[in-house]
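Per-chain residue numbering starts at 1, and chain names A, B, C and D are given in the order in which the chains are listed.
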Amino acid sequence: MLTRDGIAYRVACELSEGSYVNLGIGIPTLVGDYLPKGKDIFLHSENGILGMGPAPEPGKEDIDLINAGKQYVTMLPGGSFFDHPTSFSMIRGGHLSHAILGAFEVAANGDMANWRTPGEKVPGVGGAMDLAFGVKNVWVTMTHVTNKGKPKILKQCSLPLTAPRCVKRIYTDLALIDVTPEGLVLREVAPGVDAAAVQAKTEAPLKIAPDCKEMDVPAKFVAASVAR
Amino acid sequence: MVDKTLKTCEEAVAGVFDGASIMLGGFGDPGLPGMLLEALRKKGLKNLWIIHNGAGQGDSCLGGLMGDGAVRKLTCSFPSHPGNEAFAQRYMRGEIELEIVPQGTLAERIRSAGSGLGGFFTPTGAGTELAKGKETRMINGREHVFEMPLSADFAFVRAYQGDRLGNLTFRMAMRNFNVPMCTAGNVTVAEVDELLPAGQIDPADVHVPGIFVDHVVHVARHPVLAAVQKVGR
Amino acid sequence: MLTRDGIAYRVACELSEGSYVNLGIGIPTLVGDYLPKGKDIFLHSENGILGMGPAPEPGKEDIDLINAGKQYVTMLPGGSFFDHPTSFSMIRGGHLSHAILGAFEVAANGDMANWRTPGEKVPGVGGAMDLAFGVKNVWVTMTHVTNKGKPKILKQCSLPLTAPRCVKRIYTDLALIDVTPEGLVLREVAPGVDAAAVQAKTEAPLKIAPDCKEMDVPAKFVAASVAR
Amino acid sequence: MVDKTLKTCEEAVAGVFDGASIMLGGFGDPGLPGMLLEALRKKGLKNLWIIHNGAGQGDSCLGGLMGDGAVRKLTCSFPSHPGNEAFAQRYMRGEIELEIVPQGTLAERIRSAGSGLGGFFTPTGAGTELAKGKETRMINGREHVFEMPLSADFAFVRAYQGDRLGNLTFRMAMRNFNVPMCTAGNVTVAEVDELLPAGQIDPADVHVPGIFVDHVVHVARHPVLAAVQKVGR
């Protein structure tokens, strides 16, 4: 299985030159650390930034330059600042190519739940719905099962939806799964994991792609498979 | 000579009344009008309706106003941030009404009001809990939700540069909600880092033209907002 | 009666410090030449300009700086440039204090017609409707009667409306008339003109204000009354 | 490396097809993509749907395209300007369909499409000839007209500065319709006065972020548009 950084690495490998990408909080944020070198990939933040670079060195933070996760960021050459209406014009208007988001649940038809949690004190949606409804390619990154070992990829979501039928692809610590009109298709398995093991931890049925293969990731991103 | 500058934040909030609706700019610290918020707190108002992206954090600025019990209703997108205890406790006791709006819809509702429009259809939220009770319509083959414009009695923002005519600029990520909020407040006040003579801001560099701004206060940033924060504040 | 410049002068006298004003084509444009000295009055143009100054000297035109009438203009200190959506946010959102517009017809209830003409080849509305619907104080400037001597201030407009019930005040070569909930109120008459003469050239009934007086304008703005 | 620059306007219009919808930026001369228009004329296309503030003037740029008989439909606010004979003659012969839209509504419809919205209510035009056949609604006590978003296959604009990432700036009154049109074209092309290395435009000075722009062509302005005009052109 993959580490959290391994999931982020696998996602980053799939981002092609010229992608405009919004990274959510959690594993998605780590994707920024593994972007392919030498390619122009543009990171967007809801609060009015396009073209973010890596985190600043300690002591080099600028108090006016944070991302939507309230983390200090930097700018790459060619970036831009704008206001919230313009930022969400980019999101809702389909101008971003990718939103990489965490999720609590994804259903076989691409339904996603990532905003309300059981037992939450205060609900909050932020920009999650705008991203889920507006961005061309919504990719979910998450652990394949909950801390208690329950599947997160379900026949139907149990939590309130962020958006129906929005997810195109799911990256987990166990697998890379495409959401297609014919259902979920298992495209890759993590090193040391086989398709049967992935299905065992997935409530929704998986079709195994004819060319399903083991992920090609450096060894440092592979964790010992933990029984859950 | 038009002079929209005021000497103090106290003057700028003098007209705020019990029950007023108030837009607070900023997203995280950048653009948050901390000094106007502290001046507001001193007035001991009640039943305020706050429109802001979040619910405030800690015990200063909006967090302080929440702790003071001054807020009756909050319209926001994300009140769930760590450090929101002042709001969360009162919300859980049923003392504050909460209206959750998707962030892009919140920004657009504010712009819609400031632009004299009567609302808009957006795909965001269609078929979800946040569209319950709202009008929906199929447009170009896709379900949309109708959203109403959102204005307020007051809009308070923090800007970078300002002048006596009300022209404003913002540094980096300070623009956020501040640009539309300046258009949607019946009275709009900006606290600014720098007060420049009229004409010093190039016409191409103005982010909010002075027509949208009623008062400008030149005051140092709130000390909590002027410091680098721990990650995730 | 007043000259065209006289009408513009009379309007300009009424603009107070801090006014945000859009000037239409024709007589309204002349208002810019008579703005009270030493007062900050901000001229707006639909195409994204606030804070226009006088026309440039010949040879000093900038090809990128025109007003909505396609005339070259200049900027005063403290002006700003913006895009069309923002410009019409100002207009529709009620942020401008005054729109000074020409008109073909104004009705007793404030209805205005200024976009379609009899015999026009091609109709065109431009920003006229946005201004008429959006601006707090719509003031009309026009000659009191047509070239053929027909009244333009009517019981009811005959031409297609630009906006219903939008006009607050009418400035003509003969009079200054307020549009009130109780009907048209004659506030001032041009030098050499009396209230009866104004009424004779006005189809809609006029109430004569108790303090109705002759306009205070320099002699150069007074034209010999021409029988029409 | 992303490089959105193209060497010629001919390359930039290569994909335009008979019957395409095309937004043309500019208001008067500033921001009008004259060189792209001349390249377009060379293609000899038919049945184009043009979205622009006016109807073109004279016999070059849009006036030329009109004279060529390339245009089937024009959506605009003000086609009545002196010098519009090329359009007017064909319009009067019933050869061109004309959709008149109030100028602010036109700008907002374009922005609505580029922003992924499903249309909006505006007070402008309610009760007039231009609202005939349109849905109306009382909102906050005032009659409003429903207006649909307006997108196009192509958007062509003239900008001041551009870079290989598509970032644009505009001089003075060049912004006009160009900013929203860049967001609403399926393919957006900007001809620019200056091509700068990426990073030379300060992030705060970008008027149209590169995400909205597909191609940038560095080319001198159309000679007719580069000259001071007689008043009222």
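Worth pointing out:
Heads up, the rule we're going with is that a residue touches a chain if its C-beta (ideal position, glycine included) is under 8 Å from a C-beta of that chain, and two chains touch if they have at least 3 such contacts.
Since the model is a prediction, treat every value here as computed from it, not as a measurement.
Touching subunit B and subunit C together: D.
Note on interfaces A-B and A-D: more C-beta pairs are in contact across A-B. At the far end from subunit A, in terms of centres built from Cα atoms, lies C.
Rounded to whole angstrom, the centroid-to-centroid distance between subunit C and subunit D, based on C-alpha atoms, equals 30 Å. In whole angstrom, the spacing between the mean C-alpha positions of subunit A and subunit D is 36.
For this pair, subunit A with subunit C, the centres built from the Cα atoms lie 57 Å apart.
Residues of subunit B found to touch two or more other chains are 108, 111, 115-117, 122-123, 170-172, 203-204. Contact of a single residue of subunit C with at least two other chains is seen at positions 81-82, 85, 88, 91-92, 134.
All chain pairs that count as touching, in label order, are A-B, A-D, B-C, B-D, C-D. Listed in rising order, the residues of subunit D touching subunit A in the complex are 1-2, 111, 113-117, 163, 165, 167, 183, 198-199, 201, 203-204, 206, 209-212.
The residues of subunit D lying in touch with subunit C in their complex are 27-30, 55, 76-81, 84, 87-88, 91-92, 98, 100-105, 107-108, 111, 122-130, 160, 170-180, 207, 225-229, 231-233.
Subunit D makes touch with subunit B in their complex at residues 108, 112, 115-123, 137, 139-140, 142, 144, 148-149, 169-172, 203-205. Residue ranges on subunit C touching subunit D, taken from their complex, read 45-49, 61-66, 68-72, 81-85, 87-88, 91-92, 116, 120-130, 133-134, 160-164. Interface residues of subunit C, counted against subunit B in their complex, comprise 17-18, 20, 38, 40, 42, 44, 50-51, 75-82, 85-86, 88-96, 134.
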